[in-house]
Amino acid sequence: MSAAEEVVTEAPAVEAVPKRAMTLGYGTSLVVLAALILTPLFVKNFIIFQMTMVLIYGLAVLALNILTGGSGQFSLGQSAFYAVGAYTSAILMEHANINYALTLPVAGIICFAFGFLFGQPALRLSGVYLALATFALATAMPQLLKLGYFEHWTGGVQGLVVTKPDAPFGLPLSQDMWLYYFTLAITIGIYIASVNLLRSRSGRAFMAIRDNEIAASAMGIDVSLYKTLAFGVSAGITGVAGGLGAIAVQFVAPDGYTITLAISLFLGMVVGGVGWLPGSIVGSAFIIFVPNMAESISKGLSGAVFGVLLFLVIFLVPHGARQVALVAQQLAAKLKKN
Amino acid sequence: MPFKLRTAVLSAAVIAFAASSGSAFAQKKYDTGASDTEIKIGNIIPYSGPASAYGSIGKTEAAYFRMINDRGGINGRKVNFISYDDAYSPPKAVEQVRKLVESDEVLVVFNPLGTPSNTAIQKYLNSKKIPQLFVATGATKWNDAKNFPWTIGWQPSYQSEAHIYAKWLMKEKPDAKIAILYQNDDFGKDYLKGTKDGLGAKASSMIMLEESYEISEPTIDSHIVKIKAANPDVLLIYATPKFAAQTIKKTAELGWKPLQIVTNVSISVGSVMQPAGFENAQGVLSAAYAKDGSDPQWNNDPGMKKWNEFLDKYMPGADKTESALVYGYGAAQTLAKVIEMCGNDLTRANVMKQAASLKNFTPDTLLPGVKINTSATDFAPISQLQMMRFKGQKWELFGEIISGDVLAD
Amino acid sequence: MELFANQVLAGIATGAIYACMALAVVMIYQAIDHLNFAQGEMAMFSTFISWQLMQWGVPYWGSFVLTVGFSFVAGIAIERLLFKPLAKAPILTNVAGFIALYAIINSVAGLIWDFTIKQYPTPFGSSPFLGSQLISTHQAGMIGVTILLLILLFIFFRFTRMGLAMRAAASLPESARLVGINTSWMIALGWGMAAAIGSIAGMLIAPVVFLEPNMMLGVLIYGFAAAVLGGLTSPLGAVVGGFLVGVFENLVGTYIPGVGNELKLPIALALIVTVLVVKPAGLFGRPIVKRV
C-alpha cells in the first residue's frame, strides 16, 4: 500500500442537530409529563414496573445520546457503565446497608470518574476504532465482575439479590408505584439538567466537536477536555440508571450486563433519533416492548420478527422518532395556518 | 328448617370426609389461574439470544400439554401453557415473570430456565407465595425448603453429580492427577465446588490444574494445550455441549489419552459424541439420570417409544438428538403428575404440597431405577444417577444407581 | 519452553480462524467504509447451506463452489434490497440495520437447522501436519487458503480496474462518481465479495468450532479485533492481525498469573486498543488526514 497520506473530507458520522431541535416544546412537554404522572394510577403493578424500566433504560439511552448525539463519539460500551452503577448500588445497599436513594449519587460519581478516565485513551480514537475500544470494555465487564478477587463483594457468578425499598413516610403507595415516582423524579431532574447542559457553553463545545473537531480546536475549544467530559457525563448518567435498574429488578448478575444490553441501548438511540433527547424514551420503549411483540407474533422466529420490525422502522423513519415529531410539528403548523 | 339442618349435616359430613381422605374428592378449591375448565401454567425460557438452544425445552413442554389437552386435559381441565422469552437476561426474566403472574394470572411458574434468571425471580415468587416449580437448573440452592418454601428443583444438582465423580475417582484411581476444565459461570463453578467437596482432604493433592474458559471463546484449543503440558491423567470436562465436543476431539488430535469424565449436560450421543467423533469418544465416562433420544439401546424401551410417538405426532421434524426434547418431556410429565395429584384442590399451597409429596414417580424418559421422590424437607426431586462409559456408538451403564443429595448451603 | 512453542503454534492455528474472518471484514470495510455486524451470521448461514447441500449428496467441492456462488449473489441481493434504500440514511441507522439483519439470519438458521452442533467435514483431513500434533492438516490447509485469499485480494485491489474503482468508490464517493465509476454497484459488488469470502471463512472454521447458529458469535469479535489491529484497509494487515491476536491471546492466558486465563480476551483487547492509541490507523493501515 502506498505510504502517501490520504486526504479526505470526511462527512461527520453524526449529522448536525441544531441545539433547539434537541428538545420538545413546553406544551408537548407538559402533556407528556402529565401522562407519565397520571398513567400509573390506572394500571396494574406489572405495567408500572414496565414503565419504570422504560424510564430507566430511557435514562441510559439519553446518556448515550449526550455522548453520540452531543459530542459525536460512538460507544458500544454503555452496558459496562450501567453494570458499574448497578453493582455500586447493590453492594452499598446489601453490604453497607446504605439507603438506596443515597447509593445513586455514589453510583453516578463513580461512573463519572470511570467514564472520564476511559475517555482519556479513547481520545485518540474515533469511528470504528472507538467502537472497538468501547466494545472491548463491554465484553470485559461481565468477566471482571465474575473475577474471584471481587467475589466477596460482587457475589461472583451468582450475583447479588437486592431488597426493594418501601415507600417512605408511611405513604400509601405500593413498592412498584413508589419506585416509579422516585425514578420519574430522577429522570425529569436529569433530563432538565441534560437539556441545560447541551444549551450551555459546554454543550455548544460538544456540538462544535461533533460537527468538526479540527475547526472546533481552531476556535479555541479544549477538545480533549470536552470529549472526556462528555464520556464522564454520559457514564455518570448511565451509572445512575444502572443503580435504579438494580433496585427495580432486585438482582444484579454478570449475565444481566452483557454486550446485548449495550446493543439494545444503541438501538434505542437510533430509533429515538440520534441527538434528540426526548426520543430516548421512545427508543427505550422500543427496546422493551418490541421484543415482546415479536415474541407474541412467533416464538420460534422472534429474533427474525424483531429484525423485520426494526428494518420497517428504519426504512420508514431513518432519523427515528425525531423525524415523526418533526412531521407532526409541520402538520400542526399547517393546520394552524388554515 | 329440617331441610336446612339436613344440608348442614350433609355438608359437614362431606367436609369431614374430605378432611379425612385429603385427596381428589375434596371440595373444589381454586387460586388465581385455575378454574373448572382450565389451569394456567407460566414458563420463561430463552427463545432468543445466545442461549436459544434451550428454547426447545419450552417448545417440547408446550407440545406435551397440547397432547394432554387432546386427551381431555388433567382431571377434566385443559392446561393453558404460557411461555415467554427471557433471552437469558435476569432483568427480562423479572419482567416476564411479573407479566405471567400479574397480567396472565397463572397458577404456577413452571420450569423457568437458568440459575441467574431463577435467582432473580425467586424472592418475588416466594413473597407472593407462587410456586416456582421444577426449575431448569442444577444449582444446589433450589433444595432449600426452609428459606424458600415455594421453590423446588427438578434435575440432579451439579454438585451432587460432581460428588459422584469424586467418589468414583477416589475409589478407582486413588492416585489420579486431575485437571478440571470448567465453564466460568455458575454451572461450571458448581461442578468445581462439588468435585472439591467430594474429594475432601485429598482435593489439594489430587487436583493439579483448574482451567476455566469463557463461553464467548470460539475454540478452547489453547486451554487443552495448557492442560496437556501439566500432564494430568484424568480430565474432568465441565463444559456445555459445543465445548465438550471440542475438548474430546482436540485431546484425540493431540494424541493424548487421559481418562475423561464429561458432565451430564453434554452426554448427547447425537450432538456431542458424534460431532466429537465416535473414535475419539471411546472410554469417556459420565453419569446419567435420563435416557438419550439418540441412543439406539432404547429403541425398544416402552417409555422411549411413547416419547418417539409423541414427537412424531406433536413435534414432527424435530431433531431427536437434542437432549432438550427428553428433558422437556420429563419435566412436563412431572408437572402433569403433580396437577393430577392435586385433584380438585388447585390452590397454590396444595400444588406445592403435592409437588413435595412425589413418591417413586418415574417419567417415561428416566433411566430404569431412577425415581422421583420429594418430601417437605427434600426439594430435590431427582437425585439419582448412574455412571456410564462410552463404547462403540452408545453409552454403557455400569455400577449401581447412586444417590447423592446436596442441601443448599 | 516447549509449552511456549506449543502455545504459539496453537495460537497460529486459532489465528488462522480469525485471519479468515478478518479478511471478510476488510473486504466489506473497503466497500462500505464500515463494519458489518451481520457478517458472521451471513458466513454461518452460507456454511449451513453447504452443509445442507452435502446432506443432499453433493460432494464437498461441488457444494463449496455452489455455496461461494450463492453467497456472492445473496450478498448483492441483501445490499440491493435492504441497504441501498438506506444509502441516504445516517450511518448509525445503517448500523442498526446490520443488527436487524443479524437477528433475522440467526433466528431463521435456528428455526431451519436447530441449535445442536453439527459435525462439518474438512477436505484436508485432520491428521497431524508434518509430524506436529499441534497443527492438523486441516489447520495447515486453512492457513494456506487464507494466504491464497490474501494474495487474490491484494491483486484485486492493487491491479484490477474493478478493485481500484471499488476502493475509490468507498473512500471518495463524489470524486469516484465524477470519473465515471458506478459507486452504487461497487458497493453491491463489495457486499457480494465480502459474503463470498465470509462463506469460505465459515466453511473453514466450521470443522474446528462445529456448525451451529451461534458459531460465529465469538469468531466475529476476534475477526473485528484482528482487522482493526492490522488496519482496516489492508488485507495483509488483517491476516497478520489475525495471527497476532491468536498467538497473543494464548500467551496472555498461559503466562499472566492469576487473572490471565479468566481475562485473556479483555487483556488482548486492551492491548489492541493500546496499539491503536499509538498507531491510530492500525499496524498496516494508511493514516488518514482530515480536511476542515
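Letters A, B and C mark the chains in the order given here, with residues in each chain numbered from 1 onward.
One rule holds for everything that comes next: contacts are C-beta pairs under 8 Å (C-beta built on N, C-alpha and C of every residue); 3 or more make two chains touch, one makes a residue touch a chain.
A quick note: this is a predicted structure, and the numbers were derived from the prediction, not measured.
Chain centres were defined as the mean of their Cα atoms; on that basis the chain farthest from chain C turns out to be B. Two chains share more touching C-beta pairs than any other pair, namely A-C. Put simply, the C-alpha centre of chain B and that of chain C have 38 angstrom between them. Chain A and chain B have CA centres that are 38 Å apart. Centre-to-centre separation between chain A and chain C, using Cα means, comes to 31 Å. Among the residues of chain C, those in touch with two or more other chains are 103, 107, 110, 221, 262, 265. Shown for chain A are the residues in touch with two or more other chains, namely 139, 143, 146, 300, 302-303, 306. Residue positions of chain B with contacts to 2 or more other chains are 48, 52, 55, 184, 214, 216. Interface residues of chain C, counted against chain A in their complex, comprise 29, 34-35, 82, 85-86, 88-93, 95-97, 99-104, 106-108, 110-111, 171-172, 221, 224-225, 228, 232-234, 259, 262-263, 265-266, 269-270, 272-274, 276-277, 280, 284, 286-292.
Touching chain B in their complex are the following residues of chain C: 2-3, 6-7, 10-11, 13-14, 17, 103, 107, 110, 114-119, 126, 128, 133-134, 136, 205, 208-210, 212-215, 217-219, 221-222, 249-250, 253-254, 261-262, 265. Contacts from chain A toward chain B in the complex involve residues 44-47, 49-50, 53, 139, 143, 146, 156-159, 161, 245, 249-256, 258, 260-261, 288, 291-292, 295, 299-300, 302-303, 306. The residues of chain B lying in touch with chain A in their complex are 47-49, 52, 55, 58-59, 83-85, 87-91, 94-95, 98-99, 101-103, 114-116, 119-120, 122-124, 184-186, 189, 214, 216. Chain A makes touch with chain C in their complex at residues 1-10, 13-15, 68, 74, 121, 124-125, 128-129, 131-133, 135-136, 139-140, 143-144, 146-149, 212-215, 218, 263, 266-267, 269-271, 274, 300-308, 310-311, 314-315, 318-320.
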